[in-house]
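Multiple structures are listed underneath, in structure tokens.
Next come two complexes, and both contain chain A; in the first it sits with chain B, in the second with chain C.
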Partner chain A sequence: MSGKITVLLLDDEAIVGRRLKPALEKIGCTVEVFEDPRRALARLAEQTFHIVVTDIRMDDIDGLQVLEQVKKTSPATRVIMITGYAMMALAREAMELGAFDFIAKPFTPDDLRAVVARAAESLGLAVTSSTSE
Partner chain B sequence: MAIIIIAADRYQPAFEIARQTAERLNYQCFGRDLLNAAEARYKLKADQLLQAFHDYSMLGLSRRQRTRYLAYVQEQTLSALPEDRAVCCGLGAHLYVRGVSHVVKIRLVSDVKLQVEELAKEVGATPARAQKLLVRSAKRRRRLAIDQLHLDEDDPSTFDMVLNLDQIEPAEALNAICETASYRKFQPMTYSLQCLRDLVLSARVRALLIEQYPEVRVRSEHGTVVVEIAALKREKQKKAEAVKQALAGHPGINYVEVHVIRDIFRQAVESFR
Partner chain C sequence: MQATASAPPESAQPPRSATGRYQSIETVELAQKALSSRKPFTLRLQFLIGCLIVLLFGTGVTIMLIMTTSEVGQKVHLLEIVNDYLLEIQQARRFEKNYFLYGTNLPNALENVLRAHSVLEREAESLRQTLGAAAYERVLPDINRYEDLLQRLIALKSQNLNDAQTIAEKKQIEQDLRTHGQHMLTFAETLMVKERSLLNAAIARSRGLHISGLMGLLLIIMVNSYVLGHRILGSIHRFETYAARIASGDYTPVMPARRHRDEFTNLAMAINKMLLQLESREAVLMQSHKMRAVGTLTAGVAHELNNPLNNISLTAHMMLEDYVGMDDVERRQMIEDIINETKRSKNIISNLLDFARESSAQLEPLDLAALLQDTIKLASNQVKLSKIKLEFQAAGNLPRIHADSQQLRQVFLNLILNAIDASPKGSRIQVMILPADEPNYVAVKVIDFGSGVPAHILASIFDPFFTTKGKGKGTGLGLSVSQGIVAKHGGQIRVASEEGKGSTFTVTLPITTIPAAITQQPRLQLDTRPAHD
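Let's look at the complex of A and B:
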């Protein structure tokens, strides 16, 4: 994994992807957005991403299952969990399963950019600077 | 890295374990000493503040005093703690960090006989009398934690780990604590750090208002502070404004919302006049 930072963004609410994709592109990430976890997992089986940003509560497959799958196939991928139902037990479980970070909604694009920048840095990559919104 | 909070029946042996844990992990260590800084601020000595937890006097503190002292200890403790890499012993700290996933809460249990002996020496009482004082103080403390913080200290699930120092040597306890704190689930994350910041801000605001509004409840989220106070209907507007005024310019606060609930006790008193 090298070059431009690749991000897979998974959230079953379309607005989240619409809002966050340009925010991450501003710092030089190449972002693919998915609303359906099955399609996201299929894409993850085809390609390795530097960073996966996933919602936790989704129908059929939840974010923790996505996290487990990503860690199985690509342990170096940094997985950032986002949720509107944050609780201590869930946060601990996500960290135990190998999440890089856990963010509670609502958050600002700047908050996510900061976490993505840290995740990229931990992989030896650097994001490009951007002006905050 | 995590924050480790140690609650114990006997402070000194627990503090020694806390100190050694901090030394081994290269963390900062905090104990009752941090209350010394509260003296100038709240005009109360550390010993007086600690009475909120360990009150062996005959009548004890009033409910209002106990609540206020607890709010001050809570504020002092949360304000002093760094966001990670710290060990804190005593001060009821385990009660203030509810929901913060990177805090490891440890309870060290020890023989009641030893506690009774220590207290008998401290207050110059017979062992039988010391035992009674100990039980009464524990009851008061438990009630306070349930009333004010909705946490039952006697419930082991309040803690991440309970160690019995009668059965486990301090060195083994030290190893167990250090190993547990290294678990990935106790590592800080954006969410848990924000939870801690919210709790610190709530504690600061509550400590600021509690003398004037003894029943005040405070909740914070990302700099938005929700304050709940009790007042008579006719005072509602005035008191809400006074709270907003008191918090104006306070660091970390972006917005204040004041909920005024009806003070039924004062209302009842006034209706009998």
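Let's look at the complex of A and C:
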């Protein structure tokens, strides 16, 4: 264990945060969930997270703006994009802007845990096995 | 034959309400019946009648010309006879004069008189006819008497008697001879003058007949050509206006405009049949265009559908994962989430499925605001994807309209999707319903602040197959189909646009002013517009 991995999860769908918070906590992450991108950005300004998981398509501010903001303030933070459906153009744009990876809806909790694990690894952190509990 | 002279007032209007022209098959049948039930008076018949009149008149004139010509011939012949007669008489009298002067030539005079007499007898028939029997009978005694006198004189002379009685008798004969000779001459001269004037009159009559016959013939041909031409040109002109009307999307069948049925009626009936075909083809076009819109919407729907699907997937997976450790409240919560998200999925697609469903045209009273809200909902995923703000405003208390909801939704959806295409990210689109400038109409405006339409192509944007979108993106049928639909509803689509500033599309639709049940009936007295406008 090399300390808790901090994750900020941003999706305007409430259920996404409700289900993924426990799912990620199981692998040793500390998860903060946001539905409103403005409040998420405010929180990101206060604190640096290891990993940010954000939906690309939201009403006011989209995931790409969040990505840019995060990359500006803490370049080390790994940003994982959730895309509505395979919008390759947007995904490619996100990768060019420095996203760590993207994951397309619908996905399973394990899909996301795998990407998060790889992101943690790239930071020199390790996740705990979800089945260890 | 004055079929074109006065068109009767429109007796049968096609059943057409201000809001719909959908009873096509019935209206076309009605129109066909009205067209074919008139009495036939074909162009061919008029042409034949014209020819017949020309022929009859020509024949009449010819017969009269032949008659006058032969009359002139007769008169000339008679004049010749009279002339012969006059010459003989004149000659006889000359010899008579010689006799009185020199006592000679009596037999010559007799010879001439006999010749004159034989002329009279030879031509008795024609003289009797032209002079009249009475006049003819009057001349005979004179000439007989003159002959008689001459013969008696010759006899007396040959006796060579010089007694007083003979001299006295001779004197008496000579006096009578002069008198009767004078009578004969006067008669012949009068006859000559009379015959000459008769001949002149006959020639003048013949000339007059020639001229008037020819003029009459010309006049008849001219009148017939004018009437026939007027009829044909008038009809051609009418069909020109029909073609323009049909091209503008108004498929109201052609109704009778005249009293009679003719070749143009066949054309009108063929056009009405064509209208049915056009109508059904347009329906296919409308449906295929609708499916294209559905295709566009499907992208948005697929995207939107991923959200509830993802929620269901995540919830189900987590429930499976943590099933054992969960309490009932948590489980119930998760199952409710799944149920709600399923409902949400259903709502996302049902709207689209409802729109995509093929349906026959159906007119019903509609709340335009509700219809527009439905349409906006249908396009909402597209709007969200394009990051555009769509503002909807409806003026209060707007009356209902009578329309086909599916078709109108297609029109408004098309306008909204076009507006989305034209708008840059983050801009807005305004949709509003308000009373139109003209009374009894409502207007729906779709306003975007996008690229606008360049002035030089503004006139062609409603043309079929005209598109400014890239290859494979637009069919160029959207606005054309929309215009067809709106025209069928008795409305109009107008556009105002400024390049770089945006466009405003305005759809005006007539308001229903009478209950729906009545609008289904033909509204003969309410519709004052003629069918062949």
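We take it that the second predicted complex is superposed on the first by the 128 of 133 C-alpha atoms of A that agree within 3 Å, B and C clash if a C-alpha of one lies under 4 Å from a C-alpha of the other, contacts with A are read in each partner's own complex, and residues count from 1 in each chain.
Following the convention adopted for this analysis, a residue touches a chain if its C-beta (ideal position, glycine included) is under 8 Å from a C-beta of that chain, and two chains touch if they have at least 3 such contacts.
Because the structure is predicted, anything quoted here is derived from the model rather than measured.
**Student:** Determine, under the contact definition given at the top, whether A:D59 touches first (chain B), second (chain C), both, or neither.
**Tutor:** second
**Student:** Touching A:E96 in the superposition: chain B (first), chain C (second), both, neither?
**Tutor:** first
**Student:** So in the superposed three-chain picture, is A:P109 touching just chain B, just chain C, both, or none of them (first/second/both/neither)?
**Tutor:** After superposing on A, A:P109 lies in contact with chain C but is clear of chain B.
**Student:** Touching chain B in one complex and chain C in the other: list those residues of chain A.
**Tutor:** On chain A, the residues that contact chain B in one structure and chain C in the other are 87, 104, 107.
**Student:** Spell out the residues on chain A that touch chain C in their complex, using ranges where they run on.
**Tutor:** 13, 15-16, 18-20, 22-23, 57, 59, 62, 84-85, 87, 104-110
**Student:** Considering the complex alone, what residue numbers of chain C touch chain A?
**Tutor:** By the definition above, chain C touches chain A via 302-304, 306-307, 309-315, 317-318, 321-322, 337, 341, 384-385, 387.
**Student:** Which positions of chain A touch chain B when the two form their complex?
**Tutor:** Where chain A meets chain B, its residues are 86-88, 91-93, 95-96, 98-99, 101-104, 107, 111, 115.
**Student:** Along chain B, where are the residues that touch chain A in the complex?
**Tutor:** Chain B reaches chain A through residues 99-101, 183-187, 189-192, 194-195.
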